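Below are the structure tokens for one structure; questions will follow.
Labels run A, B, C, D and E following the written order; every chain starts at residue 1.
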Amino acid sequence: MMNPENYLILAALLFAIGSVGVLTRRNALVAFMCVELMLNACNLALVAGSHIHGALDGQVAAFFVMVVAAAEVVVGLAIIVMIYRTRRSTSVDDANLLKL
Amino acid sequence: MTFPWLTFLGLLPLVGGVLLFLPMGRGAARTLGLVFSGVTLAVAIAVTALHVGGADLAVQVPWIRAFGAWWALDVDGMGLAMVLMTAVLTPIVLLAEWEPPAMRWSAQAFFALVLILEGLSLFVFMANDVLLFYLFFEATLIPTYFLIVGFGGVRRSYAAVKFLLFSLAGGLIMLASVVGVYVVGAAQGVPSYLVSDLAAVRFDGDLGRWLMLGFLIAFVVKAPMVPLHTWLPDAAEHSTPGTATLLVGVLDKIGTFGMIKLCLGLFPEASLWITPFMVWFAVISIIWGALGAIGSRNLMRLVAYTSVSHFGFMVLGIYAFTTASMTGSIFYMLNHGFSTAAMFLVVGFMAKRTGSYDIAAYGGVQKVAPVLAGVLLVSGLATLSLPGLAPFVSEFMVIAGTWTRYPVVTAVSIIGVVLAAVYILRMYQRTMTGPVTDETAARFTGRDLTGIEKAVMVPIIGVLLVLGFYPQPAVQLVEPTAKATLAYVGTTDPAPVVKGAK
Amino acid sequence: MNTTLLPLVTGAEVTFWIAGPLAVLGALGLVLSRRAVYAALSMAVAMISLAVLYASMDAPFLAMAQIIVYTGAVLMMFLFVLMMVGIDTPDSAVETLKAQRPLAFLGGIGIAALLIFAIGGALHRAEPATVAAANAEFGGNVEGLANLLFGRYVFVFELAAALLIVAAVGAMLLAHHQRVRVRKGQPEMAADRMYAYATKGEHPGPLPSSGVYAGTNAIGAPALLPDGSIAEKSISHTLTMRGAIVDPVPLQQVTGQTFAAIESVRDDEEDV
Amino acid sequence: MSSILMPVLEMAAPTLEWRALAPVLLVFAAACVGILLEAVLPRAYRFLGQMTLVFATALVSIGFLVINWRGQYGGRLAMGSIMLDGPTYFMWASLLVFGTLAFMVFSERQLNGGATTFAASAASVPGSLDEADATAARYEHTEVFPLGLFALGGMMVFLASSDLIVMFVALEVFSLPLYLLSGMARRRRLLSQEAALKYFLLGAFSSGFFLFGIAMLYVFSGSLDLAAIHTAIEGNAGSNGLVMIGLAFIAIGLLFKVGVVPFHSWTPDVYMGAPTPVTGFMAIATKLAAVGATMRVFYVALDGERWSWQPLFAVLAVLTMVVGIIGALTQSDIKRLLAYSSIAHAGFILVALVGATQTVAAGEGTSASAIMFYLAAYGFATIGAFALVTMVRNAAGEENNIDGWSGVAAKNPWVAGLMSLFMLSFAGIPLTGGFIGKWAVFTAAWRGGYGWLVIVAVLASLVAVYFYLRLIVVMFGRKEAKGVYVGNASAWTWIPVVVGAVATVWMGLVPDQVMQLATFAGGFLR
Amino acid sequence: MILLETIAEPVAATGMFTWAWTMIAVPAIVAGLLLLAGKLSDAWGHLVATAAVFWSFAIAVCLFAEQLLAPATERAVAAPAYTWFSVGEWTFQVGLLVDQLSILFAMLITGVGGLIHVYSIGYMSHDPRRRRFFAYLNLFIAAMLLLVLADNYLILFVGWEGVGLASYLLISFWQHKPSAAAAGTKAFVMNRVGDLGMLMAISTMLAMFGSSKFTEVNAGAASTEPMWATLIGLFLLLGACGKSAQVPLQAWLLDAMEGPTPVSALIHAATMVTAGVYLVVRSHALFEAAPTAQMAVIIVATVTLLAGAWIGTSQDDIKKVLAGSTMSQIGYMMLAAGIGPAGYAFAIFHLLTHGFFKANMFLGAGSVMHGMNDDVDMRHYGALSKVMKVTFLTFAMGYLAIIGFPFFSGYFSKDHIIEAAFADNTFIGVCALIGAGITAFYMTRLMLMTFFGEKRWQPGVHPHESPKVMTIPLIILAILSVGAGIVLNFWIQEWLAPAVGNHPHELSLVPTPVGWMTMAVVALGVVAAWLVFGRSSIPVTAPATNNPITLAGRNVLFGDQVNDFLFVSPTTALATGIDTTDARGIDRMVDGGAQAFGGLSTQMRRLQTGYARSYALTMVFGALVVGAVLILTQLG
């Protein structure tokens, strides 16, 4: 049987890659997708946990995370669309009136 | 104890102050303010009578049970002396500022703030709970700040902020100690802020010293001691005389009051440890303040610096740990309230006529306004501790009491006595004597002290004279505090060297 | 529960080593591809790989949800929006924030290293319990999940409902605006114009174009009527607001001088 | 529950303790009803309808809360999702009160020419004809009320959850409405939208960390239940990487919401950009909920690891105080100033949190009670201060530049006076609730063995006094600024201000009742 | 070490003695009344004031009479009034001690004071502020009486400061003159320096004996450690130097002549300045226990008597000559007091006679000035003996008395002191002798320049004799100057013995060898003066000179310059420095701190770039650090 740590390490990798994406991508949509990737990584860890402990709580949690992610995506996209309408741009960097 | 006299005493001016925020006419406001301060004075006298009559006035009600804080009020001799001083000075200040400077906030606001300040100060002097003390100690800053900002001179905002920042700096450091006191007490099974409870707690070692220092720094800022005194000359210079009176006469006393009540009362061991430093700091303050006064070209600054010098004496007396010196200090606190009030208010009357606090703006006033000059002279003589006026008695007690322990220190400190003569008389000489200048002739001719101004000065000078010639009742009032404190600290007076002299 | 003698390669392991790298590749594609659509598609790869992994861990319901809900709905929503806001603008390669990119990679590597270091060896038992038993308890994965979802986690379930309401309302709020007035079509506008002509005598045709001068033919330059006065209608209202209207007088002078020069040349020529 | 005996595919109907959960359920119910009202009621009646709904709900909810609290209902509720213990009661009460007050500021229409501070049509492009039309037609987004209620409900669940997944979902439930509300300002809409975007992106990012932390703890313990995690940690000798990661990442998620350095960067921008009533609501409600949840997680689940996180939090507390205070020193925008101030306060709260005195003699203050008192005091001042911020205006809307506040005292002494009161409370000057709170917090920290942290905090608050003072100085000590006036606010703004002022003074003078409530709320139950 | 016979405890006051306090109270009350009543009392104030002093004089005389009648052991009477204050083990009574010593002083003060009051009625008749002047004079009388009648050092000190105040007020009475105002200030401040000595002395006494009562201090003196006794003695000497204008605190006295002349007569000649002598005599027991202190007294006294005389020789201002003379004469008294039991009675003796003749001469000088339009420069006088006969004659009596013309009062008192000095130490004796010669020299110079020679009057000055109200006191004082010596000569030693514990000497009217010598020296002085000033005319302005002796004398031995250099300049510099330090030092530090924070804040605000990605980056690094710290510390 495979060492279940592998799943966790994969999750960690995905999580790290996702966070790098948030830091580097200027397109709000892509940055947001990277957040989704991070959530997916978490899901993987949860499911792996479920697998390791033999309980379904992790899978339920992962399910809820999906629900949350969906809701979050709706709101996030609404905000991005709103910004796009105003500025004709989805670049995160263009939104920097608020500073100092 | 049926009627909570002390609570009533403190609340009275506070209620008056709050009432004064209601819209009302200028005349009504002033009358109301005066009535409230007058009634407060009456109650203060009643409280004194009760105390002297042996009544137990202590109030003790749980206040913040979770952290052992009590609404605990009580007065001892020292507290009562301060309460009386505050109660007497407030109506005097109100009268003196009957017409606050134009172009500033209204008289109503002034009266309200003064009354609030009075109430808070009274509570400080009556508080028997460390947290309660701290609460009111800090709270006094707020009305004072507004009194400076609302009615002061050109740079009032700067002065007010400076005052507030210095005071708050001290106060916040003290807050750490206030917290620490509770924590140490709780660790020893006394989770209480009551001064009487804390007396049972031992604040030993380094922690005790640090805690004591926290309190001490706040009080040193408050009782302005060099080098933390620089806020005072500015605050005094840029506030009205009435404010300066309350600031120096009443508020700064909290510093020395606190040293006796809390530093010595909670940390006897640490206080003894710090004594050598404090004694020398006091001496430095005495000399420094006096020199500063000599160097000032501004009357209000001058008076402020004299206070720095006098506070030096008070602190010296406290840390000499003899009955005479400490009694002297406490008595000095009382006297200084009146002498400094006299100085500030007379200077205020002068400035009211010329609009300037500059010494150079005056000359030869004596000739055209002899009563004003006479009053200034008497006030000045009180400030330089001339026998026959109250401050002498206290200063003498401090000097003689300290001498028995630290002759060399005392010898250095009394150079301040000479310097006092220099700053007062030089100031008098420059402003009041000499040929009448044109400016003086224009401003002062036919404008000697008015009836109200005389009414302001008479009680102050009266008190100074009465306490100068017959200080015994007042000394007896405050002596028990000194004795009790010394007994708690555990020092005894040095016995006369030559036995059997009698 | 295989014998330890042979290094047995289980199905789960195979799946992992295929889907895992794919997921990582997908993730990398998401982060690295400059075009947003490629990023979205790479994301889809990663998600589907994860779905495969879920399936291999006895979580069929989640695997399906991952594909249907996540990849099918959520990601498609991303794509819709992507198309709405224009897919043709790739991220510029130039990083505007100083040192952001290297620091970001450093941070990412740091996080990864940290996590791997922490996770490595943290599990005390190497053998996973697997959810087979749990799945079997209620007759299957879905039933098991349902039991939890409507039992132990019912409150969260209800909470999630609130979440979805918020999302819906939010989307309406920010993305949907109710028109106050009906948008006019071409016929209505033409009718309006003719109506204005009939009642107020407004010119129904196009407005006069801007003036053409020797020095400029900018849009801000007003046209002149034959009598030399300015044709008001040739001035754009917006440009007036901006103060971008060119004063015609100096322009006229230039024109006049030019004409004069030409004329003089002509005169000279005539003289000759 | 003996599920083994049950037949397959049949399950016991879950039980919900309706009465005990009534306060929070009512809030959610009202939010849903509010959404329905949007669909059902004609536009003209929506505002009135929503307001009636919100305040009626708040009253009933508070009523239930009080009755339940007196009746000592509590324990693990909703199938183990909610822990209704003393702190929960106290913080629910605080949240409901602050929420109600904040919603009152939402309702202010008199200041702004008969409209709320929320955009007439959030979806239309700023400056467009559509927007002008919507404004002219006096459109309003009355959805803000149900959204606010959802946020409030989410917060209530968040701090009461006894299960990490509940906590995560609740986190999103209260975050999403706030993201939306942040973007709905009527004036300076670009800033507002930018605030929403930043808040959303960073919020989502931080919730990713939070979730990963949850996952790690789950992997470690096999349970999402706080108590079970505690048991697992207790049963585990030595430290475990998973626990550490879980601890760290959960902390990040929570501290992000609290506004602790280095997870604070969103605070100034979002506070500045969001509509002021929303900022007021966020400033206290989010902080309260997040602090409550932090205490719950760290006191209940991660108690066994306190030697790991206490020093960490101590350092973060120092950082937070320093950054918050130093950042505030030179701010010229009042909302940014208050934002940095809120960061500083987060630091002070953390000071007590680190102390973690959970067990002292009965009736003596603990970290939890000190923090709860602190939050209550801070909350009243915050609500009041932000309400006052809406009142000082110029031709374009709110005057947020501190220079514009010059001489406000001369224009309206009440506004200046009350603002000063709130500033003094923030600064921790006696006679205000802020002082008692600060003192209690310091005491708790020192009793928990963090005397040095108290000293640092004291020094920090010393510097902090300066910028609170600066505003007072500006209002009282400077010449009147031109073009700035004090708006004629309706009772909807004044009530929160006055309630805030009265409560601030009350808690400063006679703090015993509130302190007793906080103290006898006791510790967090496991 | 001389062991003293125990001094009898003072007896309790009875009869007339219970009225003793009114001696002080009546003038004090009158003073207060006149000051408070203001212009209302302008018309009659001076009369009430004069009456008040005569009341005191009457009481003093009555008490004296009672004492004369009482047995020698019951002459000292204690009359405690009330407890001033008590603290710890210390109790301070406001109490009077009417003994043989103090009653003499009381009579001198009230007697001479009364005469001067009368004189002033005339002298100040044109001054609009005459009422105030009398109020101050009464204040002085009250304070001076308190000084001499006090039964303990603290109350003595109260009186001591009181006379200082009165002196200040009166010196700067003509405040509109800046010089007068400055002189007053200077007098007060220099006196304060002396007061330091008093304060320290009293403090030491309290530390040593637990009391400041004369009886207890004197009783304990013998058993005090010599070091402490010496210290107390030196402290007291410092006090005495201040009040009595002894070197090094002499500089104020000449300036004090800015005050109206009656003031100079009363305060700066007859009474107040002699308080130092009183103090030393009063503290005889302490000084006897401290030979070093006694030695210091002698040195100070000798230096002063010579210095004063020196100054007297070269001043042109008539009052300043007299002031220098006063310094010098007090030097004699101090010398006597310093010598010990042999000299106490002579000190007091000379004090009394000096009080008479110096008051006489000052008032005479005042009379001269009155006639000369308040000109004080002797170079503008001359030949006044003809126009101001009474003044001249009375002044001449004083002159003869001071130079020690046989059988005039000074002859007895001063000669005794010179003799005692010779008995103590030949060098000191010689100094005293030289002093006597110089005294004769400068007094003769004064007489010659004022009353003889040609007229050097300024234009418009018409000298005239003063009114009766001024001359009558002159006559009375002249009589006393002549006769007091011979009256007191045989009586005073016995009288004072119980109070000061002196050793009565055998005295006769026949001069001793030292007496003869003195007379010779005095004659020499007179002749020398006549040679210099009597024969030639005197320039109207002082001739320029390079003679260092003259220069030093004219500049009061450069006392002001020394003070300036040693004290005034450093103090001023320090005061200015402190002003600057306060503004620059501490405040700058605070301001600097504020600025540093402000700068830090501005820098830190830069971190808030407005870019969400930067914020995220800080979060990631925050997470990284938090995680790393946790993992490395907990797992490592």
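Convention: a contact is a pair of C-beta atoms (placed from the backbone, for glycine too) under 8 Å apart; a residue touches a chain by one contact, two chains touch by 3 or more.
If you're wondering where the values come from, they're calculated on a predicted model, not measured in any experiment.
Between chain D and chain E, the least number of touching-chain steps is 1. Closest to the middle of the protein, by Cα centroid, lies chain B. When chain centres are defined as mean Cα coordinates, C lies farthest from chain E.
Chain pairs A-E and A-C differ in how many C-beta pairs they share in contact, with the greater number at A-C. One finds 17 Å separating the Cα centroids of chain A and chain C. Centroids built from CA atoms put chain E at 100 Å from chain C.
For this pair, chain B with chain D, the centres built from the Cα atoms lie 44 Å apart.
Chain D has its Cα centroid 25 Å from the Cα centroid of chain A. Within chain C, the positions touching two or more other chains are listed as 97, 100, 103-104, 107-108, 111, 114-115, 117-123, 152-153, 156, 160, 163, 166-167, 170, 173-175. Counting partners per residue, chain E has 605, 608-614, 616-617, 620-621, 623, 627, 631, 635 as the residues that reach two or more other chains.
Counting partner chains per residue, chain B has residues 165 touching two or more of them.
In summary, the structure contains touching chain pairs A-C, A-D, A-E, B-D, B-E, C-D, C-E, D-E.
Remark: chain D residues 3, 8-9, 11-12, 14, 16, 28, 31-32, 35, 38, 78-82, 121-124, 130, 133-134, 136-137, 139, 141, 143, 146-147, 150, 153-154, 157, 163, 165-166, 169-170, 172-173, 176-177, 179-180, 183-184, 216, 219-220, 240-242, 244-245 touch chain C in the complex. Residues 122-123, 125-126, 164-165, 168-169, 172, 176, 179-180, 183, 189-191, 193-198, 200-201, 204-205, 207-208, 211-212, 214-216, 218-219, 222-224, 268-270, 272-273 of chain D touch chain A in their complex.
Residues of chain A that touch chain E in their complex: 19, 22-24, 26, 31, 92-93, 95-100.
Residues 1-10, 12-21, 23-27, 29-30, 32-34, 36-37, 40, 43-44, 47-48, 50-57, 59-60, 62-64, 66-75, 77-82, 84, 90, 93 of chain A are the ones that touch chain C when the two sit in their complex. Those residues of chain B whose C-beta lies close enough to touch chain D in the complex are 62-68, 131, 134-139, 141-142, 145-146, 149-150, 156-157, 160-161, 164-165, 168-169, 172-173, 175-176, 178-180, 182-183, 186, 191.
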